[in-house]
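Next come two complexes built around chain A: one with chain B, the other with chain C.
On to the complex of A and B.
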């Protein structure tokens, strides 16, 4: 098996997988039927990493899992390729709007186990799809999914993820998107669960006017560690990319954001923007940010901003002076702080899902 | 590119001349024997030799760092000279200085003679490795300021050197710092006693002259409680074909309420238009704000060297201490610069400001790499960082790699970075007012760098502006 990446690798300097390597993962236990979200949307359900035909909707664009070889630079993707046993392949033909599909992973077991889902999503020219990806569970497990996405010219994929895994779990997701001319990849991840998690996205803008929006909201507490890492490669002229990453950290939690914008020589007129902001709600929380620009074309506009700080007490005071109790004032401000990241999520049901998740998280604080 | 601009692009390095005076050199290569010989040459006490040997043995066990965004053929450390000094005896006054040497300084515009007095600058001019002339020593010593070559300080102020040397940049800090600790040949030592405001700006001009000679400067500046000093460092190097290695270490120590301002204009030979030759500049510069309300400010204008690897940093230990980093880095042709700063916040209410302006042209690569680290103890810490990059031409690269780490919720950090090319509208505006294209670019670039240039002492600001224009001329079209 490919070795886990060590902290000595620059890409992993802020996320230490030592706690993961200390655990020995056994056989995947038989899954118990979970409580699934109530929704009329078609759904694809994986229990402990195995596709459940009983719980899933029949979709004519959903195909079966197929083994893969992976020689990529990402150790976790290589581990996934070696270990993957299941996953879904979604193929949307040219010009078809396939609507919204729920992609649900639920994991639970008494002893530690690991599963490595391999999903493939391919959208034909002008096709569109919304995936609402929900991951939940109980107990100790390692979820190591890889999602490979190809978007043909003019296609549009909305990819919304709610990572609400078990607080004892490890969740290391790799997403790779190849985006052709005029196609758009819209991504939002809400990181709430897992003891240690990382979402690593590689988006490649391969044709003119291809766009990528990679947004995230990380809400961490206790001793959680959450990492959102992105690489946007501008490989064609005239491509805009946007990233908004918000982290709210309490307890002893640690948030990480690493975002790199790469601009090739030919990618003139690139417009890349990235904003990363963190609120430290407790004295012992930690945030590490590494925004990175690697630029080889001259006619570009690239910028990033990063801020780290506590809630602005003046704003709290302002709301209190308007008669809003302190707890509620803080709640309003945190909610408002997260709003920019959440803004692109337009699908009503997905939006409601995230709103509820954020609300739940705040109440549990 | 117009013909006239091409002509400017082909412009030769202005300060490329060499001085033929007798040089005394040690054999090629590095060994314990060479370290001993350097130490003996400087009549150093035993403790200093011991320190050097320890550093040398440590260096042997270390590996050259490879994380910077620079490429160069492997350096063969056995093919360098580690000591070169003008062969004549140390001169007692300016009259004793080799006239050839004085002419070199004159060509470089150094105010070493009367002009020095007019400019109000004390110059500890380092010619290759030995300080050959020092002026204004009297004025300084009257106020209790010690300003001398570090080799002299080792002999005459051993208690100070022992106390502070290696206390900010430990021998094992990095590969090049260890190398420097083993073979450093000379440099400046400054001690400003309690409550003294240094009566004049101090400056040292470093020159690299001898062929194949690595320069290993060691500078140590200490400002005691309430003291303040402004130190200038400027560099130009004659043109040479081989790559020359420069691995300096600069240590600053600021005690309670002390202030140190360290300004650099670095214009070493960058290599020719094809990337042949040029200086490898691997420098470790770090200041420790040990006392409360102390302040260390780095200002640098980096236009020279084939490769620059340099991160002037501040360790903000004292409560209320302040660290500043103002930088302009210009790269053209095949130059590579990987430069930035580290601000380590330990004390309460510490503040740091980083303003970095990178300009890449030709086929060069320019990287800002910086770290802002707020430790749990640094309540109320504050950082503001602004890194802007300007690209001229589409064969160069501009990169920004900031690391921002906060472990204290009462700390506030802000970071902003932008990359863009010269605004066509601004260019058009200037040209419509009758400015030539290169003048317009020079003006816009100077405007882009204004936030940094205004931090430079007067004398340097003028030189720096000219340097920017010279470094960039011909890169637009």
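On to the complex of A and C.
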């Protein structure tokens, strides 16, 4: 197996996989049937990394897993290519609006195990799809999914992820999106679970007016470590990209945001913007932010911003003076803080799912 | 009825309030005036329960209950309302949701049934109309991007919805903005009744042209140094506070 990346690599400076390398992962256990979210939406369900025909809907556009070798520079994607046994391929023909599909992973077992799902999503010209990707589980496991996305001209993919894995789990997701002219990739990840997690997104804007919005809300507590790493490559002129990353950190938790914007020589009139804001609810929480701009064109607009702070006590007092109990006042302000990152999620069920997850996180604090 | 008895308070080591005695009977509006640094803002914050102010002596009784022992939210439920001099902006918090949460929190504490979204909106829309506000007020984020006057109107809207028994209006420095003063005055005058009393804290007499108080108290050096009828405010306007500080 390809070696895990070490902290010596610049891309892994803030996320140390040593705790992962110390665990020996055994055979994937037989899955127990989980409690799935109540919903009428079509669903594709994976239990311990294996597709469940029984629990999944039949979808015309869903195809079986197909194995590939991966010469990628990303070590985790290479490991995935070596180990992947299952996954789904979603192919939406030109001009079709395929609605919303739930992509669910549930994992549980008594002894540590690992699984490496491999998904492919291909949208034809002008096609659209919303994926609500939910990952949950119990116990110690390593979930190492790769999702490869290609969006043909004018296609639109909403990709909403709820990473609510077991608090003992490792979750390392790689997402690679190739976005052609006029196509839009809208991404939101809520990072709530896992002992150690990373979402790494590589988005390539390959045609004019291609857009990428990569948003995240990280809500961490205890000794959790959450990393949101993005690379947006502007390879064509006139492409906007936006990133809004909000982190709420309590206990001894640590959040990371690494955001790189690369602007090719030909990518004139690029409009790239990223903002990372962290709310530290404890004096022992830590946030590491590394923005990187690599610009080789001369007529571009690229900027980034970062703030780290505590809840504003004047705001807390204002709410309390109106009769709102302190805990509720703080909860309202935390939810408000996350608002900008969550705003693009418009699909009703997805929105309700994230609202409930945020509420639940806060209550379990 | 509000009774402040021998109230002493400090910030850190610095004593700001040095024994305030004051009674505001139900149905009355009292004004507190005084020079800069007299302790006017401190008094409003101590009454509403803000952190950072330590009460070292005395008590504040409202409707027979010592409110100094209560958290700010419990004071609100008991019927106190602080109109902020500089209302706080809450980005990401919708005005209607905020007010409904507040009204229901207070109703819960008072043992009353909560209002559902429809019932609340009906109430809020009526209050918005009464205060000559635009209806989009309810849809905006709390105070975000509001003009000074709009922020004041929003305070008065909250006051109208929460129906307090006692309003504390901190207008310490805002005496020069006539429009804002008129808005605050309309809000207070609309609530005037035998059950409602108010403490209006101001540096300038001008606010009292619009809210005629039953009594005026002069706060200086952390104590009430003079009390009198509304005409006392005019006297202060004419002669200033200079003569009083020695008293």
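Observations on the structure shown:
Heads up, the rule we're going with is that the second predicted complex is superposed on the first by the 365 of 365 C-alpha atoms of A that agree within 3 Å, B and C clash if a C-alpha of one lies under 4 Å from a C-alpha of the other, contacts with A are read in each partner's own complex, and residues count from 1 in each chain.
Criterion: contacts are C-beta pairs under 8 Å (C-beta built on N, C-alpha and C of every residue); 3 or more make two chains touch, one makes a residue touch a chain.
For clarity, every value in this text was computed on a predicted model and none was experimentally measured.
By the document's definition of touching, of the two partners only chain C reaches A:339; chain B does not.
Of the two partner chains placed by superposition, A:11 touches none, neither chain B nor chain C. Once chain A of one complex is fitted onto chain A of the other, the partner contacts of A:268 are limited to chain B, with no touch recorded for chain C. Put simply, more of the residues of chain A are touched by B, taking chain B and chain C as the two choices. Within the superposed three-chain model, A:322 lies in touch with chain C and out of touch with chain B [touch as defined at top]. By the touch criterion stated above, A:50 is placed in contact with neither chain B nor chain C. By the touch criterion stated above, A:68 is placed in contact with neither chain B nor chain C. Touch criterion not met for A:20: it reaches neither chain B nor chain C. Once the two complexes are overlaid on the shared chain, A:286 sits against chain B while remaining clear of chain C. In the superposition on chain A, A:59 makes contact with neither chain B nor chain C.
The interface of chain A with chain B does not overlap its interface with chain C at any residue. Only residues 67, 374, 376, 389, 391-421 of chain B touch chain A when the two sit together in their complex.
Contacts from chain A toward chain B in the complex involve residues 10, 265, 268, 278, 280-310.
By the touch criterion given at the top, residues 48-51, 71-73, 75-77, 81-82, 84, 87-88, 90-93, 98-99, 101-103, 105-106, 109, 158, 162 of chain C touch chain A in their complex. Put simply, chain A touches chain C in their complex at residues 312-315, 317-326, 328-329, 332-333, 335-340.
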